[in-house]
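Next come two complexes, and both contain chain A; in the first it sits with chain B, in the second with chain C.
Coming up: the complex of A and B.
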């Protein structure tokens, strides 16, 4: 019975895939589905789930009418774009500077990527200590120099900047190692050709290195952007979203809605809103990149036929 | 006009010397080919002339200027790389014009020069394409074009044809030969392929183990190799070497060994008679061996008896791979020459085509 055998053969890969797919379905799809279901209900933690009351789009209506939610979205956008821009600029610059074979450079590089390996909670604690306005090192240093003390975490204007600095400290290394890897895989002879063609070091960076690194930089920036929208621990430890709502990014707002206000339905609705924002931005960047590549390819193809 | 002069050039990597005291003079508009086996230091020498590699000692003069401390961009050179080294993100026109754009050449002039060179290399229709959309041969032309638009005074080529397949390589070699007639510049060309060297060069510089073995015109090197290395490197198929002994004297002086007896050419007799040792190495080009019948015998002409192992048919000629007293010998004969495998076969050796080498120093005698 060859046909039975054929069917079995064709089914084999799916049989092997099944356990993984099942785990994925349970671990990934179930929470998302649950969160969507929950966002149309009113439910508090502690009460049995069967007591959840269907209220349609009421959660979404309340959220979108709430000025605090809009303030939180604004803070999230400012935070995410600020950290990504600064981290990309610093990370790429560091990679360009440290891409050379000097003795001890490998030690240097290892030190540079250490912050990335520290647990976020610990990063929060380290920076809370550094920013401490009575005895923190920053304050001590400023006082020693006779400069005015900066209210790192207690002023409305300064808190978001302080939080951004901590995130930049932790995640610049991520851009740095990816950029360094991209740099070291550049074609060596093209760089030599640029030297022969008369490019200065700066011109080589501008016209040869950066353009060739661009695909890697774009992906790294995208990963950071997605991550920046979801950051929670460091800010929670540093400011708990304060002072006021100055650093209350969306994930923190969701956390508070869920566990302080105990409104899980509304928290679910808010996390769905965050999901939509992140997905929209990611897709937009992805499509923009695809379109650019596509138009380049079409231009080449059209020229090839002619 | 630029004339390149290299004096006492040295290069060491760590403690290892790769170039030892290299002296080389290249006249203006000369096409110089540095040739040698892998690791002989030819590419390193070229890269030091280009300024891509630091020197460990010595001087490099280009057109009356000592350049060994200068950046590549200040040496007035253009270079073609083995792997083409095109900028992957730029189209052909932008690849070719990169140096001109950096130098701030007016756009109209850039366009004109790129077009002129592109037409000369017949790549005018490819100007908008990215390197990834080009074939190997086309990339090679673009690399050549990028060097040519520069109008530099010295052109450097680092094995530019070695990434091409055999057919394309022959075609590009012929085009290069045509191009060098049109572009009257000082050109230095590195290759490991002695055929490229022979066909392109005004002057061939044979290198081995970081030293110049011999330099001169292709004909010089072919007819009067200075030592065993050059003799074996130049010419295809390569020269045969046989160890033998001198015997007899005066006009009966000859080199003899297992299966061969070759009179010493008159011009070399004096040099032979002063030698303290009787041992000698003899070099014979495969084309200097002529098959003769068993009965024919002429004492003025040398003879050698070979056992044919294999015949390599090339076309008009065949290369017979033979054996003579345990040593491998090749003979280049007309394809219609009859032969029997594994049977002894007699060849005449023209004494004029015989090269003699000292077995100790390997220098030509």
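Coming up: the complex of A and C.
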């Protein structure tokens, strides 16, 4: 009896870990591995998987010669960096302005996180209605004011901007909430010292608050950057990548290559390119967090000695 | 926050004005969706778009009279609920093992989960479609969708629950061990009750992702096993879009996450800020 119990106890960590590892191995790791394997093969939907033919780097070569792929990469980079820069600037500025402890702030915080909770597919739906060029609210408002109607989704130049606006609406609150949390956990002593030294509001913001918030801002920005490379649904509903290729981000291009052109090998190669981009940012995020922990530990140790 | 701290500047009228304007911007598009879902065709397309109209539930009636839509709604609910329960069960066990048994370097575990969390769904959809179709035989089944949702949510759940389990005082667990509890009892009766807030935050996040997910459901389901977000994507590409009805469907999809937000905004903010603020 005792020995069974000991065996059971010794097995505990494995018993606890095994089911989760199994599910992730079967439904996450294996697919990613499969995607890498498939990217070196030529295969189209319908044929048995065993008929896939090894073609080395051919898929990658075709992709890198394809101007549409480069257009898609360009759109993805413009979209990702535009949303991150705008959202961080807006979110941090709003947090600095609105940082006050008053009754009712928690209600407003709840309202601000609502857009993030709505399904991306529904966000696409809402904005497609708002942008509608015949009867959408924006068009109606512009007409009522006697202004020219803006071709929100139908012009090459405007479509990407419209898509960016929808993302900014949904995700600026994320940066705002994080920045607010960072601001409210700033050491009161530093702010007090600045006040005693006669620092103006601007000086306090520039030399005390922003530097102390910086770690949180960097992490929040990197998290948003990763998410921006994952965006698919909103654009799928709003423009389906159009007009032309104006809003065809990589995620969408992968989907179309796989399920419209039925080029699964090529789609996998494209997936891997996207994966490498996202993994690189993730690695940067992880290293940044490590450095932060390290310097925090050193600071704590120094304080302990002093 | 101590009284007289620099945070405590009195709020001015301008401050309230700004907060109200921002709240309106956040809510505006959602309100437009809900009001449109309560309008008739003529009210939507009428030249005089007005705030004042007689709300009607006819769009909801039309949507819910179609048995296919009811089936898609129940598919969505099944998939989201089952995968949430599965993810939480497996996730809290794994997080506990990683934190308490120093099973592998905590760093490598948290880095691994972070990496997995970053895999874009679009990257997964090609191999998942292939494997589910040609190897697992799980396409067009709800189990197939549940499996992949559980897998994509596990990394995040393990990651967030770790930060809660670390805070459970060890002496509490040791006391239970001395009283004769085995590791499983310690986990069930000592640890789990203490990390309930973490479990709530994790549950809301998993449910939301499973309920809202689109692209994997699109490639894995057919006209019987479709979920609601997939229905939206098919509906919107029809020639004459029934805006009232599609906004009703949008509202139905948006309701559960919005209700959760009001019920548990604190947990949601915890979930959002975990990791970014604490590191």
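Throughout what follows, the second predicted complex is superposed on the first by the 262 of 306 C-alpha atoms of A that agree within 3 Å, B and C clash if a C-alpha of one lies under 4 Å from a C-alpha of the other, contacts with A are read in each partner's own complex, and residues count from 1 in each chain.
Quick note on the criterion: a residue touches a chain if its C-beta (ideal position, glycine included) is under 8 Å from a C-beta of that chain, and two chains touch if they have at least 3 such contacts.
What you are looking at is a predicted structure, and each value in this text was computed from that prediction instead of being measured.
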Between chain B and chain C, whom does A:195 touch in the aligned arrangement: first, second, both, or neither? both
Please work out whether A:286 is in contact with chain B alone, chain C alone, both, or neither, and reply first, second, both or neither. second
More residues of chain A in touch with chain C or with chain B? C
For A:211 in the superposed arrangement: first (chain B), second (chain C), both or neither? first
Touch test for A:185: chain B only (first), chain C only (second), both, or neither? second
Given the touch rule stated above, what does A:44 touch, chain B (first), chain C (second), both, or neither? neither
On the A-aligned overlay, A:203 touches which partner chain: chain B = first, chain C = second, or both, or neither? first
The intersection of the chain A residues contacting chain B with those contacting chain C is 192, 194-195, 296
Counting only contacts in the complex, chain A reaches chain B at residues 187, 189-190, 192-200, 203, 207-208, 211-212, 296, 299-300, 303-304
Flag every residue of chain B that touches chain A in the complex, lowest number first. 50-52, 71-73, 77-79, 81-89, 98-99, 102-103, 128-130, 133, 146, 150
Touching chain A in the complex: which residues of chain C? 1-2, 5-9, 11, 15, 18-19, 22-23, 25-27, 29-30, 32-33, 36, 44-45, 49, 86, 90-91, 93-94, 96-98, 101, 103, 111, 114-116, 118-131, 134-135, 147-148, 150-152, 154-155, 158, 182-184, 187, 208, 211-212, 214-215, 219, 229, 232-233, 236, 243, 246-247, 250, 253-254, 257-258, 260-262, 265, 268-269, 272-273, 275-277, 279
State the interface residues of chain A toward chain C in the complex, per the touch definition above. 5, 8-9, 12-17, 19-21, 23-24, 26-32, 34-35, 38, 48-49, 94, 97-102, 106, 108-122, 125-130, 135, 137, 140, 169, 173-174, 177-178, 181-182, 184-185, 188, 191-192, 194-195, 204, 215-216, 219-220, 223, 226, 229-230, 232-233, 236-237, 250-252, 254-255, 258-259, 264, 267-268, 271-272, 274-275, 278-279, 281-282, 285-286, 289, 292-293, 296
